[in-house]
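Here it is: the structure, laid out below.
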Amino acid sequence: MEKAMPYVNIKITRDGATAEQKKALIEGVTQLLVDTLDKNPATTTVIIDEIDTDNWGIGGQTVTERRNAAK
Amino acid sequence: MEKAMPYVNIKITRDGATAEQKKALIEGVTQLLVDTLDKNPATTTVIIDEIDTDNWGIGGQTVTERRNAAK
Amino acid sequence: MEKAMPYVNIKITRDGATAEQKKALIEGVTQLLVDTLDKNPATTTVIIDEIDTDNWGIGGQTVTERRNAAK
Amino acid sequence: MEKAMPYVNIKITRDGATAEQKKALIEGVTQLLVDTLDKNPATTTVIIDEIDTDNWGIGGQTVTERRNAAK
Amino acid sequence: MEKAMPYVNIKITRDGATAEQKKALIEGVTQLLVDTLDKNPATTTVIIDEIDTDNWGIGGQTVTERRNAAK
Amino acid sequence: MEKAMPYVNIKITRDGATAEQKKALIEGVTQLLVDTLDKNPATTTVIIDEIDTDNWGIGGQTVTERRNAAK
């Protein structure tokens, strides 16, 4: 039976993740899907969204606010 | 029982929403989930995506087109 | 200028939210977008996804595991 | 019965799609939903996300890597 | 240059779309991406989500409410 | 500085993934975000969506069709 083609979307705050880090993340998550669910790595798609800290809220506050408050 | 941790994604056209407006939106939607579903505010995540008007379509037209047509 | 048409996606664990609660949530988030960003309520779309607790992870555990551990 | 209001999200790599191409895509997908599912075009929403090639992975590699390897 | 691999997510209300209609929709949107953006059909992914009418809101009401009101 | 709270959404075809496999996937992806991006595991959210093979298209065909054709 043809294996499925997983799709992964990862959202992180925009905090200067490097191209190398994003490569490692994509490689790692693709391998993880092989290891845990026997998915086909060739057709695994991973999309990373980097979100401004003004646009990410947790606990009713933006990440920007929380970081300013923690200073 | 541990309360759930809702995740909210809000997509709006990129029209100059201010950091203050986005703070109010995040605060409001987090409180709303407490009020309507008794969710835990501490772990409620809200992500706002601002979309270019060329990339948002409604009624088969981009928002850019519709605004130009309305001028 | 034509107002934008926000799109909201809310993900919650599948914990028996009633139709009444979902109506209140949809009504509330639509009004919130009017109040904070002056969006057009007529074209505000809200989609609620209810997710099985086996399929929702936080802190490296499923919500099912966490609830079992808390018993 | 009121027809449904489909919502479509299209993710493509950021490769210089023009405003004209995006208009054609939005117009086409809206018409397709009318033709195949008898949906109401007036309330069909289409959002296009353009993703940096460093942030899109396939087969465990970023699209940036794959293009460099193919040179 | 390797062509991109678009990803499309279509959300519709759960209204009895048949397997044949979903096949036609997937075939059509894949062809549309070839025609408008010269994308590679072999790697175009389309995912259709069918949403209960209690969980889809428009204009501050669920689709269930709107249909009941229109009777 | 407070670490970010990543959000991960994994879509797979509905093919009988067990609760144990989903636990392993959630544990693995959470650890991967610690290892590659130094994210905080306590606040990493992972949501798995299992999609019917009639609703997942690749190469212009549903996964159901492809599997039938491969028999």
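Here are a few things to note about the model shown:
By written order: A, B, C, D, E and F. Residues from 1 in each chain.
Quick note on the criterion: a residue touches a chain if its C-beta (ideal position, glycine included) is under 8 Å from a C-beta of that chain, and two chains touch if they have at least 3 such contacts.
Keep in mind that what you see is a predicted model, and the values were worked out from it rather than measured.
Fewest steps needed to get from subunit C to subunit E, stepping only to touching chains, is 1. Comparing the residue numbers each copy contributes, subunit A and subunit B share less than half of them at their mutual interface. Looking at C-D and B-C side by side, the one with more C-beta contacts is B-C.
By residue number, more than half of the contact pairs of C-E reappear in one of the listed pairs C-F, C-D or A-E, namely C-F.
When the CA atoms of subunit C are superposed on subunit F, the rotation angle comes to 120 degrees (nearest 5). With centres set at the average Cα position, the gap from subunit A to subunit D is 20 Å. In this assembly, the C-alpha centroid of subunit D lies 11 Å from the C-alpha centroid of subunit E. Residue positions 5, 7, 11, 29, 43, 45, 47, 56, 58 of subunit B are each in touch with at least two other chains. Contacting chain pairs (ordered by label): A-B, A-D, A-E, A-F, B-C, B-D, B-F, C-D, C-E, C-F, D-E, E-F. The residues of subunit A lying in touch with subunit B in their complex are 11, 51, 54-62, 64-65. Residues of subunit C touching subunit E in their complex: 19, 22-23, 26-27, 29-31, 41-50. Contacts from subunit F toward subunit A in the complex involve residues 1-2, 4-13, 15, 17, 21, 24-25, 28-29, 32-33, 35-37, 39, 43, 56, 58, 63, 66-67, 70. Those residues of subunit A lying in contact with subunit E across their complex are 5, 7, 43, 45, 47.
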